[in-house]
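Before anything else, here's the structure in question.
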């Protein structure tokens, strides 16, 4: 095992451990923080693979954007400090099953496609210019659709936060 | 002749390359070499940051004192220069209290998150000619992305203290940092458009024939001003220090912190101050590029003899001084005024400005 | 000069903001506000480069030259002359005049050479910790025996050190101040 | 999204059934230790987000029973204790007590003593307003103005020290006049201070008054209507900012204010900005008053002859003066003895404080600090 393997496994353990804790832990704010660690881990994996642009986007969108929005909506819910109640067994099993299934699909995909892991370092270093061209081109390998989808994700989380933050106007006190 | 030149121009790059050569001959293993170099870089960076924070703390006190017609620290050490060391020692020995009702895990984690995020952003800065820790190809974008993480530490600190003042401070900081990031991004983009690269070394090289603030006419000046204002808000310094707002929130998000954990917030504040000033110096004032005037070769040559690191730090400390000057002159804004300033003034102007700059770049209207 | 015009709520009272056209107002406010900010920065900048305007007094260092005002009320003192004599004849006017009882004068009866019984002070107790330096005792003293001292550094580690006996041991009242 | 509030959202007191707070409200205890309350005042604040819904001031943290203490002090002695109420206008408080005693005795104060009293009172007012200006800048986050104002205030305090012997709690006034004559440097130094103030006042405008951030923090904030000012009993600059004419120096002149030329400063806007401008203009008015007197202090006695033990005739006596914060009333009930039977002070800050919940309705926390700053509370005067 050489140094790059060690770094890879370190980062992976941060990602997986963070993800697991984010699901298991019953303090909602702590869960958000562990989610954050997991996302930062993914960003550092990108950095490790020399995909700097992708890594920075990961940080800006997920860490700086979505997690902050999640934390904000946690602030605005009432009992952010107390422990959440235990989830129903059925629901826990169901979500565990879904997670396991998607994990299996991913493993199958990786095993059946050209090996990623045997590359050391980057496959190619995409320049910012190339990324820009690719993102906004409508030709074969253009990514205008995924690009727009990412913005929808942000929009969705923002609307979600607004909905949570918007307190219903009380009628009982309206004419005090 | 080469030696003589080095006597005049102390060069970090010379130091770095010689160190590298020496290590290369000493350590054969490439892995060990990498680890050693990383260790040296990390330790010297940490030492640099600590010395920088001591200096900035001293500078802030003296600037404040002279603006407030008083003397400032003048007891500990020559001209009071060791006052900040004494304060650090005091903070070290203070009890690091953790309040009873707080979320202890997050409460103790938050200062580290804050400090680490501010330290991360220092990696791509170019301190001198050919002296850069990490010349990443997305330099500017990297710094903005890291700075977007800074709010999380503050939110964690504010929430986990289980103090209502802290919580209000954290909420304010969230609203403030998230909105002012837009202006910072847009003002940085104007230079990215002009220089055509996100890499910091490219941006500096593009200013070899003149700094952007001179080359870019009024639009760059506007984005410079917007950058200074927005970054003052981003690093929570007065007049935008609503997160701390001593007179309103008794300290805001770090009300409950004491001792070393509090010192970490202070440390990160000064590192952030240095980083935004260094970025402004790099992007708008040419980084380590010396000041040149057109075809005055004699003058230009004389300027070249000033070490490049001196140029960089000179410009950076000039901007730091301006931000300190803001702090010791202006009263604080209210939260709604702060948001109005961003959404009604800075953002529309910087958007229009980006358009202007794009036009400039397309038609080549700069020098 | 309204940079930020939001938050117009004045308990039902309407405020008339002059309408001068949006763009003119928008950029006008930017320029007026920027100039107002620069005026302030000019002032602080002026003081920054003029260190001779600094007003700080270097207090513990200037002890040698520090001169208190001549009427300064530091503490009550009972001056003695070189023959260890003071002017207090123990009439207790100051004790009565003191609003918060910081003066206690213990008297004794002395028999003078001609056989008369005379009231003399035994101990002149002054509670510095209770004194408010109101000057009423000095005003009340008929023989001008007590005056306000200039000392102001009164901090001690123990409160009991603030209870002072002002008459020196063996001191006598001056001839001219008797009765 | 109209929804009725669920009963579970309301927390009530178990005993009285009183509604303590609603869901979504946020109760903050501002003080008794808080940087912006300038002392031990406790404000219980109901917040919704950052917006203030309700304020409840809690007093009594610095109650020393000055009124009760005065009942066992003689008429010479009880003056000094009033210095400890509104310690920033200590001299004017002393003046009020002395005036009440003189009124009861029918004592004629020598003209020189009157002039000295007025000059010192106006100097006190300037010093108090300087401190207020310094602190209001500080409260709104500007630290630097604090030191600029203290420069002038120190000069005034030095004059006080030289003539009265004390810098803050002077106790220079006795029934029938003042304690001692003016120091021989007095006139010279006062003139120097006046020119210093007039020369430096433009700096105050440059750093704070003209500052756009400062103006926006004060404008349209903390509105108090004239009617409310009357019904809450507000006095002083806080009420004059709402258009209420209440300057005792004009309405019920004492100690010779009737002979002097000065304006009562009134602004009608009723917001913090109006109160700010009232005080700034009052500094200039006080300078104007002193300028009229300083060269023409009448010669003669500085103290009227009084008996050693002052005994007031039976009856009730009331005297009001204008302190730096408003109307201070001294009410003495005498049963003919050497000490008051009952002594009551009507302090300006107590009434002004009661208007703060009204002013802060719907304001933000930052606004509350601005309101507290412009009302200029001195907490020991509230509690006494």
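Just so it is clear, A, B, C and D label the chains in written order, and each chain counts residues from 1 on its own.
Heads up, the rule we're going with is that contacts are C-beta pairs under 8 Å (C-beta built on N, C-alpha and C of every residue); 3 or more make two chains touch, one makes a residue touch a chain.
Remember, predicted model here, so these are calculated numbers, not experimental data.
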(message) For the interfaces B-C and C-D, which has the higher count of C-beta pairs in contact?
(response) C-D
(request) Could you work out which chain's C-alpha centre is the most distant one from the centre of chain C? (result) A
(message) Based only on mean CA positions, could you tell me how far chain B sits from chain C in angstrom?
(response) 47
(message) Quick check: how many Å separate the C-alpha centres of chain C and chain D?
(response) 20
(request) Quick one: report the Å distance separating chain A from chain C, using the average Cα coordinate of each chain. (result) 65
(message) With centres defined as the mean C-alpha position, give me the chain B-chain D separation in Å.
(response) 45
(message) Residues touching two or more other chains, restricted to chain D: which are they?
(response) 144, 147, 151, 207-208, 211, 213, 216
(request) Note the residues in chain A that touch 2 or more other chains, in rising order. (result) none
(request) Send over the residues of chain C in touch with two or more other chains. (result) 3-4, 7, 37, 40, 43-44, 55
(request) Would you pull the chain A residues touching chain B in the complex into a rising list? (result) 2-3, 27, 29-30, 33, 36, 40, 52-53, 56-57, 59-60, 63-65, 67-68, 71-72, 75, 80-81, 125, 127-128
(request) Can you check the complex and tell me which residues of chain B touch chain C? (result) 63, 66-71, 325-326, 328-330, 336-337, 340-341, 344-345
(request) In the complex, go through chain B and note every residue touching chain A. (result) 31, 34, 103, 105-106, 109, 136-138, 141-142, 144-146, 148-149, 151-152, 155-156, 159-160, 162, 167, 170-171, 174, 178, 181, 197-198
(message) Under the definition above, what is the set of chain D residues touching chain B in their complex?
(response) 26-28, 34-36, 50, 137-144, 146-148, 151, 207-208, 211, 213-214, 216-217, 364-369
(request) Quick one: which bits of chain B touch chain D in the complex? Just the residue numbers, please. (result) 64, 67-70, 164-165, 168, 172, 238-239, 241-242, 245-250, 328-337
